[in-house]
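Naming follows writing order (A, B, C and D), and every chain is counted from residue 1.
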């Protein structure tokens, strides 16, 4: 089967940062790429088998977790994250050709993008009014429509580059030049990505009860096995105030003994814990492992316990002292 | 000074759930109420002294923490939460008089409201297109404007009741009838609200380092003193992926010995910990306190340690044995 | 093989509380019973196969752990505890017939026994001088020897009953009428005593390093799996001050999932951990088990983790998204 | 008052290792030294004021804690440890002049000394019979008495050196050449020894209940404040099996903020916790202190919490929002 037979969904429309993330996946550039109008729609295409996988944003260094993704992946049919992609976030201000910065009175973009360009806007066009858009790309493309009621849009460089009907008024207008968004490629459950030694495991752990210490018990499952957490976010279950689940990224692969042992511990404490995948870290940084939490230590421990149950060579009866030798 | 001389800001525009929350504050109905266009603007009015206090949303049972508020209150000039208000969230669909449900093709509202009415929309007007709005009230009021490009809006019952230009097409269209939003009244630092025995303390605790156990150390400061947490949310600091602070609500008042002791422990571990206030719980539910974490136990412990330093009655020199009596 | 073919060693001489403990073992009364001069000698008889098992004291409610036993069982060839026996400790004062209490000037007994009868001695024969004995029975029997240089002995009722040459001057002279000593029956490794639901597991856990938290890590292995400890004693390894091992009794059987899991955790942290046996509790009191630490919870957790590794039904390649269905 | 007016008790008789320890105390060589027949007697002399202080053994690197001392100091009138002394333990075998090693058939000494010379005895005079003695010095001095029923004694070099009636048959017969015993100088409560930066604090902490986690809670009081433990020993309270107290040595001085804070925490959990003194370590090794557990961190934390209660400069009423500035 050729790579081009794969089909990918992504949080659209075309030209968003999410499509930029998808284009980093080796065979995606040659594959069919299907935009989805929201995260749930993208994931449902995976669930119903109409695409191989979907790319969606999960975490932004400025705005935090992408709650729509955290919630969508935590429920419904089981899915697996098989890859993560980091995309530096850089914003441009676009308008129709001929429009000058001084002409701009109304600016549209997605709320998250607006939040990340506040300083630049306050410094350069402080009187501009904000018009909410459903995505950065939708705001940019809206400029091309008849009767558009705003003058400019904040969007990704990708869309501006490909659209001759848009001209760039300003580049790099984001307040934090280090801003980066993390995206995940999501598939149906199947074979796990292989261990690379620099992996990440994503989990959903419902908080079992509103009692002192429940969260500590959860964290202790990781800490007591030397597993570091790189992300932890609380999300409401939607049932009532104070009912949470935690979305967690932990360093390591479920194929690591310490991770598998931690997952078993989590399942005991919170049986509805959901495994969302083990996959290579985008930064390929391996976390250091102490000897007593290495695979070898777990295997030796298991062998030692098994040995306790093995009858000794000499004859012996259950519960009775061994026979004297002579 | 009469109560009517107070001035309150709130996250506007008028008619939002936030104004409904503010109206629950005893003297607010008779006071001047100033809408603010966003949370930062509302809080800045408090900081610069132009209002006495501001009401903003902080947590929604369905959508989770209100990140704009969590972030705004965590930085900038110090502020204090002096009251919390719970408002049941009930949505109505409004349109101009004469418009029927069957006529609705485009619906505007705030993204959070849209997310909470998805099931009803899918069941009743599945083909309706979503038009993002900056607030539920703005979407509703937009219907009254010339050239409005949508047909209906989802908003709070409050605004529909007061606007003769709007008619209600459907009531209680929220997917979760138990949905509730928590609002906070924020003031400048000053005298603390008095202990009631059923109080809540809100804190911002930066995660000191990305190491296994840092979050556990933070949680242990509460757990080891018997302080229960009713809310914990991670938020990115905006610096880089994985750099967090935690927004925490803990049961009790800083005037409780166990809470003051926990705060001292937090400050040691994370010196940039910020105290955002101790105030009465909206539900007036007192948490049970075990004897060894009651005020009396802390006071007795302090007295006991102090006694160790008190010289005995008999004469004694530092480091030398006491003199014999005879 | 008839029960009478078994051979038991015990910490002698005859007539000590240890022999009383051994007589509680069903077939021991009809078996050959061999006194040993000290705990090491008794255990060496087990190790070299010359007896089936040995009875030795391990813990006294007044004097604490029997350090000779704790140390002897912690090192050398591996042994297994297969039974525990509790013996109420009651002391009598004996002398040769004709000797009256008023005549007693020197009293011999084992140091532990002397410590437990101090109040009675101070109240009744305060001027009596103490003569150390190597055991209570040795002191009693010494009275029958030519040229004995003391007048009375403190010993177990058992020896006084069987010796016509001794008369009892006073009974129940122990200071604590609730005093009890716990004895253990030790065998070579073989088949484990069966689970009864009210079991105890004895372990030797060397403290891995002199660092803050090492002991807590050990205790956490039990606590995090809901395993209660009924005894914990520190013992020096004999190498240098501050180098310890811990002798621990934990509620439950290694055949319980939670205990086996705790043992594996201990082995990782302290690889020289030694398993000394799982055996029925003398008091037959079963400890309550919470659902999330029951066997079923561990088995379910293991099955869940195993399921993560199982390929889904649909074809999939490692690291690649699953093929689309159509 | 001259130093020579001090009076010291010690666990006698003269010539024991305990007197050797006492002679290391600067003014003790010129002071009156009173031997006591047992630890309780020595401590009672301190309690009733008949001596300034008493030297008693507390811990042996081979035999472990000296239970008589651990128990005696844990109860009764309050006492304070003001100094510790380490004495290398070296044993000699003595007899009356003219006796040769080949003549020795019965050897007397204290049980602890016998245990520490077993290998030498087995290798050199394996057939020698053991005769229990109440102390090493008593066994040695007994050789000088009429009608002594043993031929040699194991004792400290000190006594052999001073007694012309004894000759040394063998030196350095202890099995562990590194053996050392730790002694403590005990006084009545008075002024604390000054902080040196390399101090030790001794505590008695009753285990509050036989529940999972009680010991962990105790240890957490130290660990969470970065206080290292150099010794922990469990002792039975004497009430019933499983009722313990812990004898603990912790690095640091109660004048260190982290230690005072830990003590307050212990008192809450176990109100009968007893402080037995802060005093300089014999090895003068200072433990490293992390910044967040240094005095400065505790003082800064306390100041920060106090600041929360301080009214701001602007006028404000309890529970009410601050007045607007204009």
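One rule holds for everything that comes next: contacts are C-beta pairs under 8 Å (C-beta built on N, C-alpha and C of every residue); 3 or more make two chains touch, one makes a residue touch a chain.
Note that the structure is predicted; figures quoted are calculated from it, not measured.
Touching subunit A and subunit D together: B, C.
Chain pairs B-D and C-D differ in how many C-beta pairs are in contact, and the one with more is B-D. With each centre defined as the average position of its C-alpha atoms, the distance from subunit C to subunit D rounds to 27 Å. The distance from the centre of subunit B to the centre of subunit D, with each centre set as the mean of the Cα atoms, comes to 54 Å. Residues of subunit A found to touch two or more other chains are 220. Inter-chain contacts, as defined above, occur between A-B, A-C, B-D, C-D. Residue ranges of subunit B in contact with subunit A, taken from their complex: 59-65, 67-68, 86, 111, 115, 130, 132-134, 147, 149, 176, 178, 180, 182, 210-213, 215-216, 219-220, 222-223, 226-236, 238-242, 244.
Touching subunit D in their complex are the following residues of subunit B: 1, 6-8, 48-53, 82, 185, 187-194, 217, 220-221, 224, 254-255, 260, 263-265, 267-269, 271, 275, 292-293, 297-298, 300-302, 304-305, 308-309, 311-312, 314-326.
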